[in-house]
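Scrolling down, you'll hit the structures one after another.
Next come two complexes, and both contain chain A; in the first it sits with chain B, in the second with chain C.
So, the complex of A and B:
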C-alpha cells in the first residue's frame, strides 16, 4: 500500500493506494500517529484502494475515535467491494462516507 | 487441485494470496470476487498465524480446487494447531457507535458474509476450514 498525504493548515488529506490488510494496515497506523496531532479535518481518499480487511477497519475505527474528539473525518471515493465491507460490518453508521 | 505448504506466519499471507491469485487469474475471476477472496485469505490466514500454534510456529496447508456449475473456487486452510471452530465464534454487534465499537470478531464475520459456503471440521489433529466462492459471471 502506498500512502500519500497533503497537509493544508489543519486539514490533512491521506490517499491510500493498493490493499489495506494485515501486513499494510500498520503503515497507516504509524502515519496517523505521526500526523494526526492538531488535525481538525481528516480526509481519507480511497479511490486507489483495491480492498481492505478487518485489519484496515481497526485502523479506520481508531482514527475515527481520535477525530471525534478533535474535529471531523471523511472517507471518500469508496469502491463497491469496500462499501460492502462497510455495510455488512455496520461501519456505514460509524464513518462519514462521501 | 493445487496445494501450498508454508509456515503459518503473518509474513506468509502475501505468499498465500499470490498462490491463490495466480489460480484465479487463470479462471478469469471477476475483480470483485477476487478482492473478496483476497480479503478472506487475509482474515483466515492471519488468524491461523496468530493463534493456531502461538507462541510456536507451525505449518499450514492451503488447497485450491475448482468446481463447475456454477463455476466456483474452493479454498481449504489446514493447520495442526489448537482446535478452533471459527463458525462457533460469536457474531459482533454491528450496530454500535464508534465510541463503543471494537473490531474483535469482524474478520470472521466478513468471511461469512462474502463467501457462498463455509465449513469447518477437526480431523486427525487438524483444523480444516473450507470456503467456497461462486465466481461465475452474473
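So, the complex of A and C:
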C-alpha cells in the first residue's frame, strides 16, 4: 500500500493506494499517529484502494474517533468494493463519505 | 509489506583497516626516521673514513713516487761511480774527490769486505765500522749477497746532526762503494721531478696535494705557488702538535678542508680535500638510500595493508554477512570462515550460540504451542459443540462449525434458549486473530448471552453490548455480530445486525436469497449506536445460513476469492442435503477451491432449519 500525504495548514489529505490489510494497516496507523496532532480537517482519499480488511477498518475507526474530538474527517472517492464493505459493517453510519 | 529496521552504520566508529593503516603509517615513518638518522651518522663516519683512506693513499702514492725517483737517480750515480772505481787499480782520495765533483754527490765512501770504511771523501769517516750504527748497518746486506742498496734520506749513524741519502753498489775487488746526497744536492736533484708530481694529481674531485721542503717552501702545488712559503695556501703545520698521518682541518685556498701530512725524503707531503665534497658524497649516499627506503617502505606498507585487508577484514565481513542473515531470522545459516584458526574458532562460537538460540526458541515454541492448544480447547469448549443440541426439539434443527486459521480465533457462534419458545442464535467475527481476538471474543460472547438471557430484545442486546464493549477498548478491537431470536412456534425470526455480512436463506423450493437488513456499526466501534430489529418469517424447510467472511474470502493460490456466488451455488445445488451435512459440504467446497493455499481467516458457519409448517405449533 502506498500512502501519500499532503498537509495544508490544519488540513491533511491522505491518499491510499493498494491493499489495506493486516500487514499494511499498521503503516497508516503509524503515519496517522505522527501527523494527526493539530489537524482539524482530515481527508482520506480512497480512490486507489483495492481492498480493505478488518484491520484497515479498525485504523479508520480510530482515526474517526480522534477527529471527532479535534475536528472533522471526510472519506472521499470511495469505490464500489470499499463502499460495500462500509455498508456491510455499518461504517456508513459513522463515516462522512463524500 | 515489511520494513526491516536496519541499524545505520555509525560512521564515527573506526574501521579496522583504517586504524591499522594509521598505525602502520606511524610505524613506517618512525622506522624510516630512525634508519635515516642511523644512515646519516653511519654515512658521515664512512665518508670520513673514506676521506682518511683517500688522503693516505694519495700521500703514499706521492711519497713512493718521490722515493722511487730519488732512489733511481742516486743508484744510477753510484753505479757509474762504482764502474769508474772498478776501472782503476788504486783508490786514492784524489780520485774520490774528483769523482765527487764530477758526479756532484756529497760524499763517497769505500767499504771493504769487513764492513770498514777504507777510503772516503770525508777523512773523518775512515776506519768507521758500518755495522756499528743502525743507519749504516743497513748497508751490510751488500756483504751478504745483495749487489745494490738505496736508503731513504735520514740522519747518519756517524753524526746524527747530518742527514743524508745513501746508495751502495758492490765493487769487483770486494766490498762496496757508497755515495751520498746532502739535502741541497738531493733537492737539486729531485725538486725538478717533484714539481711535476702534484700537477696532475687530484684528491677526490676538488682536493689536491701540496709538497713543501724542510724550510716550508712549496716545492709542488697545482696552483703554481712553488718557491713561496706554505703559509700562502693557508696551511700551518706544527709538526710537534700535529701527528703525521692524522686528519686535521684547515682553510686551504679559502676552502675548509680535511688535511693530512707525512714527511718523506725531507719533504712534507700534504693532501687536502674540501669538507664540502666529503659532505656532498655523504649527502648523495644518504639521499639515494633514503629514496630506496621510501620505495621499499611504501611497497611494504601497501602489501601489509592489502594482506591484512584480505586476511582479516574480508573474513570479518564474511562473518558479518552470515550474522546479518542470522539476524534476519535465517537461523539455519552456518558461519563457515575457516581460513585461519581464530576465524574458525569464532565461526564455531557463533554457530554454537545460534544452536543454543534455536534450542531455546524451539523450547519456547513448544511451550507456546502447548498453551495455545489449551487455549484452543477452552475456546472450543465455550462454543456449543454437541449436535443435535436439543434432541427433543422437533421445530428446528441447528448445526454450526468453526475452523480457525490459527490455534485460536476471533470468530464465534452461539445459540441458547432465552425462554421456552425463543432460541437466540448468533454468529460473530472479531477483528484480528490469535490470542487478543480470542480474549475479546470470550468477553463479547459472555456479554451477549447475559444480556439476551436477561430478556432484552435483540436490538437492545446489541446496543447494550456495544456500549459495554466500548469501555476500555484501548486496543481498538471490534466485533461484527448477526444475532437472531427464533420463535420456535411461529418460525418468525427477529434479528439485528452489527456490521456483519448478511446471512443467506435457502427456501424449501431451493431458491437462495440474502437476509436483508441495514446493518448498524460493528460492536465496540463507537458508543451509543442504536441497533434496529428486523423480522423475517421462516417456512417449513427454510434454512438460514449464517457465515463469516472467512468463507467468502477464502483465497486460493491464484489470489481469487471463493465469493458469495460459489457459496450460493452450493446451497442451491445441495437441496437434498440435510442440515447436518450442509456445513460439511460447504466446507468441503471451500477446501477444494482453496487447494494448498494456506487458510488466512477463521471459517465459521451456522445453519438453522425451521421444520414446522406455519401455524402448526405444538
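Note that the second predicted complex is superposed on the first by the 98 of 98 C-alpha atoms of A that agree within 3 Å, B and C clash if a C-alpha of one lies under 4 Å from a C-alpha of the other, contacts with A are read in each partner's own complex, and residues count from 1 in each chain.
Heads up, the rule we're going with is that contacts are C-beta pairs under 8 Å (C-beta built on N, C-alpha and C of every residue); 3 or more make two chains touch, one makes a residue touch a chain.
Please read these numbers as outputs of a predicted model, since none were measured by experiment.
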_When chain B and chain C are modelled together on chain A, clash or fit_ = clash
*chain B or chain C, by number of chain A residues touched*: B
*So, A:96: does it touch chain B (first), chain C (second), both, or neither?*
neither
*What is the contact status of A:54 with respect to chain B (first) and chain C (second): first, second, both, or neither?*
both
*When the two structures are overlaid on chain A, which partner does A:88 contact: first (chain B), second (chain C), both, or neither?*
both
*asked:* Quick check for you: in the superposed arrangement, does A:80 touch first (chain B), second (chain C), both or neither?
replied: first
*Would you check which partner chain A:10 touches, where first means chain B only, second means chain C only, and both and neither mean what they say?*
neither
*Check chain A for residues that touch chain B in one structure and chain C in the other, and list them.*
22-23, 54-55, 57-58, 61, 64-65, 88-90, 93-94
*Provide the residue numbers of chain B that touch chain A in the complex, in ascending order.*
10-11, 13-14, 32, 35-36, 38-39, 42-43, 46, 92, 94-99, 101-103, 106-107, 109-110, 113-114
*Which part of chain C faces chain A closely enough to touch in the complex?*
1-2, 429, 431-433, 476-478, 480, 497-502, 519-522, 525-526, 529
*Once bound in the complex, which stretches of chain A touch chain B?*
19, 21-23, 50-55, 57-58, 61, 64-65, 68, 80-81, 84-85, 88-90, 93-94
*Interfacial residue positions of chain A with respect to chain C in the complex*: 1, 22-24, 27, 54-55, 57-58, 61-62, 64-65, 87-91, 93-94
